[in-house]
Amino acid sequence: MSRLKEELHQIIFEADTPAGKWFDTILIGTILASVLVVMLDSVQPFTSQYGPLLDQLEWAFTILFTIEYVFRLYCVRKPLRYAASFFGVVDLLAILPTYLSLFIPGTKYLTVIRVLRVLRVFRVFKLVTYLQEAHQLRAALHASRRKITVFLFSVAVLVVVLGSLMYVVEGERNGFSSIPLSIYWAVVTLTTVGYGDIAPNTPLGQALAAIVMVLGYGIIAVPTGIVTAELTRLPPVDETTQACPSCACEIHARDALFCRRCGARL
Amino acid sequence: MSRLKEELHQIIFEADTPAGKWFDTILIGTILASVLVVMLDSVQPFTSQYGPLLDQLEWAFTILFTIEYVFRLYCVRKPLRYAASFFGVVDLLAILPTYLSLFIPGTKYLTVIRVLRVLRVFRVFKLVTYLQEAHQLRAALHASRRKITVFLFSVAVLVVVLGSLMYVVEGERNGFSSIPLSIYWAVVTLTTVGYGDIAPNTPLGQALAAIVMVLGYGIIAVPTGIVTAELTRLPPVDETTQACPSCACEIHARDALFCRRCGARL
Amino acid sequence: MSRLKEELHQIIFEADTPAGKWFDTILIGTILASVLVVMLDSVQPFTSQYGPLLDQLEWAFTILFTIEYVFRLYCVRKPLRYAASFFGVVDLLAILPTYLSLFIPGTKYLTVIRVLRVLRVFRVFKLVTYLQEAHQLRAALHASRRKITVFLFSVAVLVVVLGSLMYVVEGERNGFSSIPLSIYWAVVTLTTVGYGDIAPNTPLGQALAAIVMVLGYGIIAVPTGIVTAELTRLPPVDETTQACPSCACEIHARDALFCRRCGARL
Amino acid sequence: MSRLKEELHQIIFEADTPAGKWFDTILIGTILASVLVVMLDSVQPFTSQYGPLLDQLEWAFTILFTIEYVFRLYCVRKPLRYAASFFGVVDLLAILPTYLSLFIPGTKYLTVIRVLRVLRVFRVFKLVTYLQEAHQLRAALHASRRKITVFLFSVAVLVVVLGSLMYVVEGERNGFSSIPLSIYWAVVTLTTVGYGDIAPNTPLGQALAAIVMVLGYGIIAVPTGIVTAELTRLPPVDETTQACPSCACEIHARDALFCRRCGARL
């Protein structure tokens, strides 16, 4: 029993053995195919012609992924820990929408979230260097999370103030029909997206908008500066992509003997 | 008397005692609730249904904040200094618009400026590290203020020249109906916002616009470079969030014994 | 004679003497006033009402600046060198358009180029530190001019290729009516301006446009990286490390008025 | 025979001799002229008037470039290596579309790809410093290619998820008529291009869009940070622009005696 579990773990979670590699490669192919099916299902000409076929395919994929999910839970030593991990949650979210669509129509399109499962691609194809650099990026973002939180918080407050000011200046005649909508306009402008669906018409509003734009143009320097400063600071890391046999947590230092999450021997 | 003042100061300005913490938590909740009320008041379906209720709520909030403002002035040792500080001005601006709306309709929406008071949140919930990083960000922006002023001044001059050039090239037929409006277009384009409400139609105008875009695309490097260089340079700071008892100025070095603004013992 | 020249030079070119300071201050005021006149002249309601007055004012300003230009040429030791310098050319361009407008109508609006003369403001008001930082910025841009030239050259080539590709893919039916216009679209998209006056309609065109956007989103990193690297390399500007007169404790915040250790006035 | 080959190589591939310089200068002029012809050919007024003339010119240029391409293949020692190099492929692509247009109309406009040949300009005019800085830029981009791949991969996954979410939220009533189109919208928004051809109309959709914008505004920091960190790290390089006589590979270290690609003596 335990032998079977271990072998299944080797195949499903690791990509070191030929069987494990085959499993992961086929899995990624299946995921991409299923995402493509969902996408085509939303395009008018395809739905009207192949609607039932696409629906059947979608159900087939979902049942396949459900079986896989059950097997993953079965062969991991600490199933709850896996279920609560990032990929565990994604694996669940990848199958739920299809079942939900039986009760709430339209939700089936949310199954595209299973595209997140493809992020495993770096591990499967032994793209260790890529995984290391990805980890480095994540480390830089993690180190700057507090500064970025402060920045986003300030931007949120700024956007509320600017949006309300604009609502008073431009008013409902010019498309700024409510404060929430004006705040939406402020976000569109401050981030330099600029749809143009709502745009100021009065001279005063345009002057204010110009200030918002220059502000947005300037404060983009802040997140960039934060991340750059962190990236310049970080030393190169050295890691492997071996998954922990008991909690499926990935990425350990090359000389690690125990999992950094659950303490199990690697 | 002086005892009462000191205790009030503890509760209103500090967040070290349980009472002070409670006061600040309730205050932030009240501020957010009042901002929500003003926002809803601007949304058509809500106004027509709950208009009078929302107005009454708004007045209740304003009177509450007015009382709080008076108490703040009362228990601070140097009231004028507090009234002239950033949060002192914000606290006043947070109540003024409602009173003003008795004379000038529409200004009541400006009360959302009280959302700025929420910036105290970092101090209240003892998010010291966040406050430190916020201070670090501010220090970096402060250190680069002169370079940014020079940059903004150059951009302002550039925008005037480019806008006028475009007015001559495109003219009133193509929507560039005056120089101020053309300058507005130049800001919209240079900052890469690009609403599209005004866009060049003649080949010469489009060529000129393309140059403006590439220019804007390039000079965004300047503020980013300035802030990044400062952020890379800054050493980590070590500070506390204790407010000065006599002038309410916040953020002092951890080893500070005296307020850096008014010299009072902390 | 030579004395007169020297004194005139002191007044017109320098800002060290009271007379020179007055001259420069009045000059900047006059320039801003004349720019305002030109701007108002382009706004419909103003022209129809005050058109002749604005025209007269414009001519008065131009004659004033012409006299000033002649005096500048007269009192400088090497008039040709001044005439060929940046500010010499700007001073000439600031008066030419009004005279030109006698022959070519509409060119008078180009006189706003005289706003460039305002850049002298930093020198006039002894904003030495600002001037230093402006010089530092210019040095960084100068050091990176070759990398930026290579970058702009590559972007120009890229934009021609992408625009032509889009012309073939979308064609004249979808607004991409010629290669030059498609190149204009490519610039609008690559620089993330995105007016939306021309936008792809076919699925293939939209896929190609998405690639152009991601490309533009990515290569903005290049000029930013270039300028930032140069700015990081430059030596830091002098900081205020004033020692406390009573306890000799160093490093105070720039806005500190009292020593943070002993409370003495700095 | 071998003498002739060597002399032709000197003229066609090198720019050290007067003949070689003349050849390259004329070549770049011819390329620019031919690109201009193709562009004009796409502009309506020109085509209807000078259509046949422009077509003849286009054919003349193509035959000229074909002859040149044959000579390049002839005088290089390892023709296959040259044909597979970047400039070899570009040289071929610069002539193919005209021939292809005999079978598939419209493809002739793709000949503008020959503008890529102009990139040789830096070598021709001995702009060694420019070439070095270009190489440095390329080195920085090369060093950060893995981080950028990870970034682009994550952005691609994100865009699929966000686009699908928006499709479910906004639906076909509001212009989000299929998942692929919604993904296109997500790219337009995340990269802050913001055409405005598709924009959210429901409050929930606008809130989601605001989050996407702030996300896009923030993650632009990532590629910028990556490239900046690399550029700050790189030491100045020292190289020459001599082309290898046997494989035409350019840019070697100044003290190199052998080609870094094929090992031939320089």
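A, B, C and D label the chains in the order they appear, each numbered from 1.
FYI, a residue touches a chain if its C-beta (ideal position, glycine included) is under 8 Å from a C-beta of that chain, and two chains touch if they have at least 3 such contacts.
If you're wondering where the values come from, they're calculated on a predicted model, not measured in any experiment.
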Homomeric contact chain C-chain D: same or different residue positions, threshold half: different
Angle (degrees, nearest 5) of the CA superposition of chain A onto chain D: 90
Between chain D and chain C, distance of the C-alpha-averaged centres to the nearest whole Å: 31
Approximate Å spacing (C-alpha centroids) for the pair chain B, chain D: 44
Whole-Å gap separating chain A and chain C, where each centre is the average of the chain's CA atoms: 41
Interface hub residues of chain D, defined as touching at least two other chains: 180, 192-196, 216, 220, 224, 226, 228, 232
Parts of chain C lying in touch with chain B, wherever the complex brings them together: 35, 38-39, 42-44, 106-107, 109-110, 112-113, 115-116, 118-119, 121-122, 129-130, 133-134, 136-137, 140-141, 148, 152, 155, 180-181, 183-184, 187-188, 190-197, 216, 220, 223-224, 226-228, 230-232, 234, 236-237, 252-265
Chain A residues within the chain C interface of the complex: 192-196, 224, 228
In the complex, chain A residues that touch chain B: 146-147, 149-151, 153-154, 157, 160-161, 164-165, 167-168, 171, 177-180, 189, 192-196, 199, 203, 206-207, 209-210, 213-214, 216-218, 220-222, 224-226, 228-229, 232-233
